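Note sheet for the following structure.
Letters are used for the chains, namely A, B and C, taken in the order the chains are written, and counting of residues starts over at 1 for each.
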């Protein structure tokens, strides 16, 4: 790609030699001759100058360089846009591996790619430009949209619905039975799990995460939401749009997570509560009640971030002053008795 | 199914038109013409009346309805029994997909179903009416009982024993090597993991959970126990009967969990301890010692539920009254010096 | 194996009948005629004497026995060495299952074993004596060393590097995309994940754990490190040598874990911090800053073990003495106003 073409695409201004061709993109450490890289600050810029990079994306305000620069508002975002432009040029053709087992009733869109040892059961519909990698299993009546990507060994239980541009990483299980039982006279009976899962547009789900089907209704993951590895979403949970959920979080049954919520890793949310929009939840928090929108919480059980920080500081102070405190309490006990 | 037949089965009394046929079961929101649904309270009953449902299971005491009711002791349990009756009628025939790889020495019972790309190694025995879905791998000398169901991509390491009516969801790994090492002179040596796993009757294990084989003995999951998604059971653990374990719990090596224990999500129990019968463990608890039977614990480290709630309340109170407390301590310091 | 041969190998001294042949190794409970077992203390020795074992490995100082003993410095380590000697004699021959799909450009070493329904994509290199079990998927340009073992349903994304003697248990996913996004004007954009993963010699990774590829650089797991089931290692993490990480831990992006660190289960470490060498981290800890080498920490947020134990004791004491404390505060409030 010509550097002028690139600068236009990312709305940047070229500084230095504009007769450069970009052949690939890479991080500073691994940049080869002809590569484009990016530098968010001047230390990184210095590092990039010592590399073989052809051109550096950097901020509007950073110093001049011996290398060709493209100055943009957000170098990381510009790098991403450039990357997508490069990727877009290698759109892959339709391909179905001969070992894939695909039921006769399956409907395939254009340019669908299905790799080795995949199994697709009856009445599944798969949209255009979708890729299903080796070892995936798609059970009956699933509907998969356009431009989806299922990495190896993903499992979709029956009736699962993926809308468009959904990415599921290796080992993800969607639509497994929810954890629903009825206790009666000392025995535990499995309650039927008849619902489905709907994964909306542009959702990405990390490796080995699991999303249970609704019990009688639907489990929903809202558009644009990103879920990291090894997360668990229980039956009938509704997750809003553009939620960011870091690794190993778990959301219990029927809970509602509002739009734009951000969770650090290892967070647990109990069943049947509502977490409002834009809530930010610190790592390892345990959410045991409804949470008001636009708040920041932390701890197990979760409290306001300011509150729990004060409580931790007070506990540390009390421990430091324990000998005095115990003397005061002892004297009070003596004078009271 | 005739409504009279159904009422007999679930020990209910019909109120209204008893000339109705039930064609399927569903939740209130998705009920179609001819469906049976259930309503636990009067709000749900009102909702059900506006649906196309043919008949509503409800409590002995709820109000009358324009729709046909069947009054029962526990509508949810009755719905479950009705569901099982419907399911029982569609028992599936024997089926082995031509892509399945099954060693010559494998012994298959009656009506076994094995789907695409399954691999079953030497000397495995599989009981009647068991289903093994696509992508499962069953290693040497495993014994699988009757009416078991392995969902896609389950892995059983060698010598694993599943008794009857065991359900393993997608991606479950049973019998992987335990985490056992011997440190010697700065190096870490793998200790042989020669034991097995026994999963007793009616156990259900959620998607992507992992159960390690015993080191020299056995890991055991007791009859009727239900384990949710992404749980980890280490080597030589003994889990009792009818235990309920929510998602993402982990039990460390050689620990014993008594019958009827209930655990919320994200609980961790250290190695070599015993949790007594009927113990209830709150979410994210960290159990670091033996726990007496019939108690309720919470927190990390876990304490009695009453105790930890008081401690949290006291910490909140101390934080609120911090300025007074610090004044008292400062004055005491002054008068003492 | 002759007992004298064995005693030489494990540097032990025989006490009793030295005309015994060892046919197999087992734990005390399951020892059969001709088996070797081990007893770390005198209770275990008594138990072993009642079994059918042919010979018992025990300590230099334990009492005499009616059975043949081999006295060694560390019976558990000696048992392990004996076990490896037995295993070494059954080295398996080259084998490629006809259902495996292997690209023409793949380079296979000597004695490689590849089982059913494996898929190996273009330009992969696999070293001598490596085993790849059923259902594994190895994507483009991966390099797998010698004596590696991939258990069923493991997935390696493209460019993953496994050095020698690496063991990956069932369902492990290596090289999945890191959790990297750029927020811009209310939308979330996926940042390219172009890096790789390097797993060094003798690393073992437990079932269903996930290791993300670097974003622009490398994720590294150091030689000799052992990771338990269901752990999550994020992009660009560097884990040192001989680290022990118990189940369900999670390490966030770009964090550095020093050599010989030990972590109990359910530990979470935030991104971009450094945990020094030889640090010991208690179960369920939440590490939210850099940690000095050679320290022991616990709690969420993690503090020194001594410190957090004192804080917990003080909180318990304050709760016990709450009525006196509240009286003191109330009186102070009265006299102040």
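Keep this in mind: a contact is a pair of C-beta atoms (placed from the backbone, for glycine too) under 8 Å apart; a residue touches a chain by one contact, two chains touch by 3 or more.
Values in this document were obtained by computation on a predicted structure and should not be read as measured data.
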Original post:
With chains as vertices joined when they touch, what's the shape: line, ring, star, complete or other?
Top reply: complete
**OP:** Taking all residue numbers used at the chain A/chain C interface, answer same if over half belong to both copies and different if under half do.
**Re:** different
Subject >> Between chain C and chain A, distance of the C-alpha-averaged centres to the nearest whole Å >> reply: 26
**OP:** Name the residues of chain A that each touch 2 or more other chains.
**Re:** 99, 117, 135, 153, 171, 208, 230, 248, 266, 284, 300, 315, 318, 325, 328
Subject >> chain A - residues contacting chain C, complex >> reply: 25-30, 74, 76-77, 79-80, 83, 97, 99, 115-117, 133-135, 151-153, 167, 169-171, 204, 206-208, 224, 226, 228-230, 242, 244, 246-248, 264-266, 283-284, 300, 312, 315-316, 318-319, 322, 325-326, 328-329, 332-333, 336
**OP:** Going by the contact rule at the top, pick out the chain A residues touching chain B in the complex.
**Re:** 99, 101, 117, 119, 135, 137, 139, 153, 155, 157, 171, 173, 176-177, 179, 181-182, 184, 186-192, 194-195, 208, 210, 212, 215-217, 230, 232, 234, 248, 250, 252, 266, 268, 270, 284, 286, 288, 300-301, 307, 310-311, 314-315, 317-318, 321, 324-325, 327-328
